[in-house]
Structures are given as structure tokens and as C-alpha cells.
Amino acid sequence: MGTVRFICKSFRMLLKIQFIQLSNFYFVFLAVCFTYLGSYTFIYFLMKKFNTVLDWNLYHVTFVFAVYQISFGITNLIMSQFKYFSDYVHRGTLDILMIRPMSLFLQIIMRGCEFVSLGNIAVGVFLVVMVTKPLEIEWSAIQIFKFMLLIVNSSLFIGGIYLIGATMSIYIINGKEVRDLLVQTLQNYLIYPKEAYERWIQAVLVFSLLYFVTNKPAQWFLGIADSWNAWSVILGLPFFLGIYGIWNFCLKSYTGAGN
Amino acid sequence: MSIVVDHLTKIYRVVKQKSIFKPRFEQKVALNNISFQIDQGESVAYIGPNGSGKSTTIKLLTGLLTPTSGKVTVNGLEPYKKRKENARNIGFVFGQRTQLWWDLPITESFDLLKEIYRIPNAVYKRNLEMLFTLLDLQGFKEIPVRQLSLGQRMRAEVACAFLHSPRIVYLDEPTIGIDIVTKAKIRDFLRDINKEEKTTIILTSHDIDDIETVCKRLILIDKGHIVYDGQIVDFIERYAVYKKIRVAFKERDIQPILIPRCEVSRETTKSNELIIRYKKDEIDTNELLNILQNVGTISDFTAHDDNLTDLLKSIYKEEI
Amino acid sequence: MGGITYVYKMIRISLLSHLALRSSYYLGLFRECLFLLLSIQLFRTLYSGTGTVLSATLTETVTYIIISKFAQFFNMSTMGRIQSRIISGEIATDLLRPVEYDFFMLVQEFGAWIQRILSITFPIVLLSLLFVRFYPPSSISYGLCFVLSLLLSFLIMFFANYCVSLAAFWIPYLWSLNSVSTTLFIILSGAMIPLWFYPDGIRNVLEWLPFSFAVYMPINIYLGRIAMAELPILFLKQAVWILILWLISRFIWSKATKKIIVNGG
């Protein structure tokens, strides 16, 4: 119960802090929308010119992009503090958080929410709405449930990627850049069918599980997946839990042994 | 309820040569087989020169590190094994790092800590009132922490440490860089709460006045070994073999003279004062006065035994 | 907390920083190569799937993408420095010598650009030579014109970025300002994908803006898609844009000066 109250109070305070700088929030929110819609324009122009990538058209690609934006927005909203994990480790804040009788993971999350990620979510939702008609998506209760599953799965995967970056930050300084690399690859290249790339790249994408972050599950939702349908949506949770375990373990061995 | 440190050793692996392929490590012994016991309600100064192993010990006691060998038990728990459980009963102030939420006023930080430590409402209200009064927090309670002065912030940090009525509180350099008035407030608070609530206090500080006001017991650590463990008064009595006298002369500019078996120096700010330090049983004070009368006309004269500051200075100097 | 432990930590962190710079470099290089590889494969698939005739061949597109790595004009480091000096107020001391200031920044940024070309562009181009089929400059003279054009592009983008960074005097929301302007520049200049993929109407408009002269035009010269006779006029247009942007930056600078003098920094 105390944990729940802690979460509620922390969240209320984060909102309070954000409200103090409301104009800053609006500016950044708009900038986020603009920036990511800007990324989308390249996809739009290309698909308008070429019409199809294998058997995907503009709307399929847009849908995958949009789903990714929404999931990324949600993950970044919640787990944004993990982007700065390197600071936590090297400035000693970690020590203070660890000598408290509350989960470290939870404490880090509640130290900051990047509300401007709502911009990503807004862009994603906007694009999903735009492609609903062309893709003939019917928003029945089941479809909505499947969509939620889709989003939650992707968000968990991306959360795992954030934790990978955080874990690497413990040992090297580049955790952030590794995370950026993975996130940008997903955003720019994994929105097309994997067959667009050569076989060996496809193998890498599949084995690294990047393919299952958004691409495959989105196919499942749209009904264009050819194989391994439903279970592709549930990989997010075990992935996240696995990385969480690794993060925990690395943290224990790092602090336990002494730096 | 106590702290038991039993043959505790901690060895670090320090990277000697930075290389991705073959990094070479070096062993650094931070703590070498130390043992001590602290009972509930004691106020202990845990001091030593830089690099002596102080912070390592604190980290082991709070569960942030695991021992290389030996055992630490705090209230029956091994802190590194049951870190969160142990955390419920301890409070801490780490001088350089803050526990407070930077963008919020202190009242919000306290409110959040209430949930983190699961403090019952009645206890919370009572403690809050007490802390507000004793540490004088009322005046700035609505201001965001980022805008507070260091003195205000430190008082709030100390309040955080005691908010949940912990059995043990660790304070690491709590008064560094703080004005005298605030220092006094914090010292008095620590001393009083130790007396009233029987909270165990473990204080690390380079400020001798902190130690003398708050603590009764002294554990001195150097290069991973415990050099002294006992009451402060006993420490002074045992090691204060030196006496220090301060002689002021009428003449303006006095040159320090050489006196056998004595340390003679001139007061830096007053060119007509000499400070002489010597072992009590080696020198006869009368003889000394005779020698000094040959130097000039004595206008003032004070004498006292080495105090804690002097003692510690000489001990530190020997090691470094 | 323990002086020597602190010193150990600081040494470790600075060692790690140096190592991080190197590994940062390798990671960045890896990233560029990966994205290049994926882009090329993507275009291959796109081209193979379409029956329509496009204004450029696959090889031309691939060449464009590789050669565009020379035009690394975005995320200029000096801009960040200028902006932090504006926010902190230190820029006031630089007011005494406005002319020398932007020249000084120009030289620094030029050096940084050359360094980027040497450390990132060349390795990528060399690697591409081994694995990818792409065009060399259409002819020696086109190649030289390409280099000239690239230098002019640098100046255009420098002053464009400079104007944006000066905007920090009025818009303290640095992240938003920089993110929006960088995105805009990248879209308008054709740095991500060639402008010939843009809808015709938009491309026509963009050819009137300075940004297309920064990336799209130089690479078109490289590919020999522009008649030799037209080149002098294009160079002139580039030069005019440099002048315009430089004047705008002087104008903003004088406005900023007034602001500082009125407000006292």
C-alpha cells in the first residue's frame, strides 16, 4: 500500500513540477511533434514515389512507424530517467537510493517523467487515425484489445532496450549511444518488411529480436503476417524481465565488489 | 540492538592499466581485519585521515558493499544481504549528496519519505513537529530545495535522516562548508536526540568541534586498521602528553629560538607571540620560563594541554 | 568521503572518458556504416519493385547517399558553444569584436568539418568502394566543381546555423530551437534522401531556398546531372545566399547587441 501511495504522490509532484514550466513544456511538446513528423516526411515521400516495398504500401509502413512512435512515447514517458543512469552511478545518487527500503527500479522511475513524450504518442495516434480507412481497420472491442497488446508489447521491448543502455552505463560510458543506435534502427529501418534487406541482415534482425519489437507484431495485427502469428506479441514481457534480471545482477556485482 | 563488526576485511581491485584486452588489476586493502562493537544509544566519532577506510566501513555498514572476509551484523541483520530491511532502521546524511528532491520544497520531500519508510501517521506528525522546532525549518519550508542556502539544506537533510525514528543514523561530513550558527544547531540537535531517543549516532567529520560536542566515543582508523577505540576523554588523557604554552612579548618582532626538546613556532598573525610545545614530563616549566625571559619581556602567558585537535593533527601527520 | 578514493574515482572517470571518446568514435562509425548498408539495401528493394521510370537510377541514388556524407553540416558544435555563452551571459564580452567573432567561429567550425570528413566520411567512402557499386565524379572538372560547391555549401549552412544559434537570445528553449531547425534543414536540403524523390511542386519551391544548395545541388554537380554551362550561375546563386545569410546574421547580431546593452546582459 505504501508503495502505491508513493507512486501516486511522486506522480502528482512530477506533474506539479511540469506545470510550473508550462510554456517550456508546450514548446518542447511542439518541437517533438515537429521533429518526428519531420522524420515521417521522408517515409511519406519515398512511399509516394515508389508505391510499394515488396507487398507493403505507404499505409502499412506508416502504421508500423505510428505504432513505434506510440510505444516509444509510452516507454520514454515512464523510463526516461534510465537514459541518465550513467549520472546516477557516477555521481553517487545510486548509493542514496539503495539505502532506502524501496525498490531501486521504482525510485528511479518516479524521479522523472518526460511528459513531452506525449508528442510522440500524439504523432503516432494521428498517423494511426490517418491510415485506419485505407487499411480498413475496424475498431471493434477485440481489435482494440489486440492493439493494446501490440503497444504494451512494443513498450516493454523498448523498455528492455533502455535497461540495456543503463546496464552498459555501469561499465562503459557509451550505454546511451548503444541505446540510441538501437532505437533509431527500429525507427528508420525496421518499419519495412524484413525481406527488403539481404538474408544475413534479416537473420541478425530476427535473432537480435529487434524484428519482434514492432515489425512482426504489427503484421500480426494487420493480418499480413505469414507465420508465427500470435505469439510474436508476447515476447516483450520475457525480454523485459530478462534484461531487468541482468541489470539487477550487474548492479549487485558492481556495488558489492566496490568500484 | 547493536552493530557488530567482526574481523572485517575489504579488498578492492583497482584498475592499474587501462586496456580493453588485458586490464591489469591491483589489490588495494581498504580494511584490514577490523573489529568493533557499537551498542544502541552510543554516539561514536568514526574518524581518520583521507583514504583510511572510513567511507568503506560506512558502505559496508549500510549494505552498499560486501565484505571480502569477516562479518558485519547490524541489529541482527547482515546489511548487504538484507539491504532493504536494514534500510528501514537507519538514517543517513551524506554531506556531498542530497536526499532531497531538488525542485520541490522540503515538505514534499518529507511527504515522499513518509511513504518510502512507511511511517505511521501519528509518528510522522510528531517527528515532523519535533524536527521543525529543533532544526528551525519553519522559515523556508515552502521554498524549492534548489534555492536554499547550504545551511538550510543541511538542516533539512538531517531532518530527513531522523524522520522515521531510525535506531541508527550515519552522518558523513554533515557540517562541511556550513556557517557556525547552523553547525551549532545541528550539533545540539544530534546530541539531544541521542540523549532523548537513544538513537545510535555514527559521525564522520573533519570538524573536531562536531566530534567533541556530539560524541562520547572515538574510533580512529588509519590505513585500514583501527588505531584507537575508546572514550574521547580517555583518549585525550592518554595521548595528551604534550603541553602547549603561548607566550606574548612586549617586543614587536620576536624570532623563534631553538629550545632543546621543544617545538617552537611563532604565531602567524602576531609577530610578538611564540608557541612552544613539549612533552610534559621532559621539560621543567620554570627552566623554560627562565629561557624565555632572556628572549624578551613577557607580557602574557597561557598554557594548556594538547586538545583533541592537536592530538589528531599529530597522529595524522605521522601517517601522512 | 575519503579523499584518495575520490581521487581514484576521478582518475578512473577521466580514463574512461578518453576511452569513451575512442569507443564513441568507433560506435559512430559503425552506426554510419550500418545505416548506409540498410539504406542501400532498402533502395535496391524499392527500385526493383517499381515499374515506373524515375528521375534517377539506383546507382545514382546510392552514390547520392554515400557522397552526402561529405555534407555533414548539421549538429555543428560551435553553435552549442555560442548558445551556452548566450545563456550564461558571457557573450557580452564577445560583443566588443563582432566581426572577428563570427570569423573565429567559422574557422573553428571549418576545422571541425574537415576533421569529420577525414575521420568519418573517408572511411565510409573507402569501405563503400570495396562493397558497393557507385559512381565516381562524372568528370574531373565536375569533380572540382563539386569541391568548390561543397565549400560554398559549408558557408551557407554555417551562416544558417549561426542565425539559428543567435536566436537563443530570444528563444531560450535551446533543445526545441535546435531540434526544429535541424530537422527543417535536413528536410529542406535533401540530406536524408535526394530531392528528386520529393513531389515536384515541393522540389520546385525548395530550389529557391538556400538549403537545397547545401546538399542537393553539389551532389547533382558530382553526378553530372547539371550542364556545365549552368554551373557558374549556380555558384553565383550560392554566393548570393551566403551573402544574404551573412547579412541576416549581422542584423540579428546588432539587434542582440542592443538587447544586451538595454538589459545589461
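When the chains are written out, they are named A, B and C in that same order, and each has its own residue count from 1.
Throughout what follows, a contact is a pair of C-beta atoms (placed from the backbone, for glycine too) under 8 Å apart; a residue touches a chain by one contact, two chains touch by 3 or more.
Owing to the predicted nature of the structure, the values given are computational and were not obtained by experimental measurement.
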*Far-end chain from subunit B, centres as C-alpha averages*: C
*Kindly indicate the chain pair that has more C-beta pairs in contact than all others.*
A-C
*Which chain has the mean of its C-alpha atoms lying nearest to the mean of all protein C-alpha atoms shown?*
A
*Between subunit B and subunit C, tell me the centre distance in angstrom, where each centre is the average of that chain's C-alpha atoms.*
55
*Express in whole angstrom the distance between the two chain centres, defined as the mean CA positions of subunit A and subunit C.*
28
*Any idea how many Å lie between the Cα centroids of subunit A and subunit B?*
47
*Sequence positions of subunit B contacting 2 or more other chains*: 56, 94, 96
*asked:* Quick check on subunit C: which residues sit in contact with 2+ other chains?
replied: 12, 19
*Residue ranges of subunit B in contact with subunit A within the complex*: 10, 12-13, 30, 56, 59, 62-66, 80, 83-85, 87-88, 90, 92, 94, 96-99, 101, 103-104, 108, 111-112, 115-118
*In the complex formed with subunit B, which residues of subunit A make contact?*
2-3, 5-6, 9-10, 13, 16-17, 20, 91-93, 95-96, 98-102, 107, 111, 255-258
*Taking the complex as given, what residues does subunit C use to touch subunit A?*
9, 12-13, 16-17, 19-20, 23-24, 27-28, 30-31, 34-35, 37-39, 41-42, 45-47, 49-50, 52, 54, 173, 175-177, 179-180, 183-184, 186-187, 192-193, 197-199
*State the interface residues of subunit A toward subunit C in the complex, per the touch definition above.*
24, 27-28, 30-32, 34-35, 38-39, 41-42, 45-46, 48-54, 90, 172-174, 177-178, 181, 184-185, 188-189, 192, 195-198, 201, 259
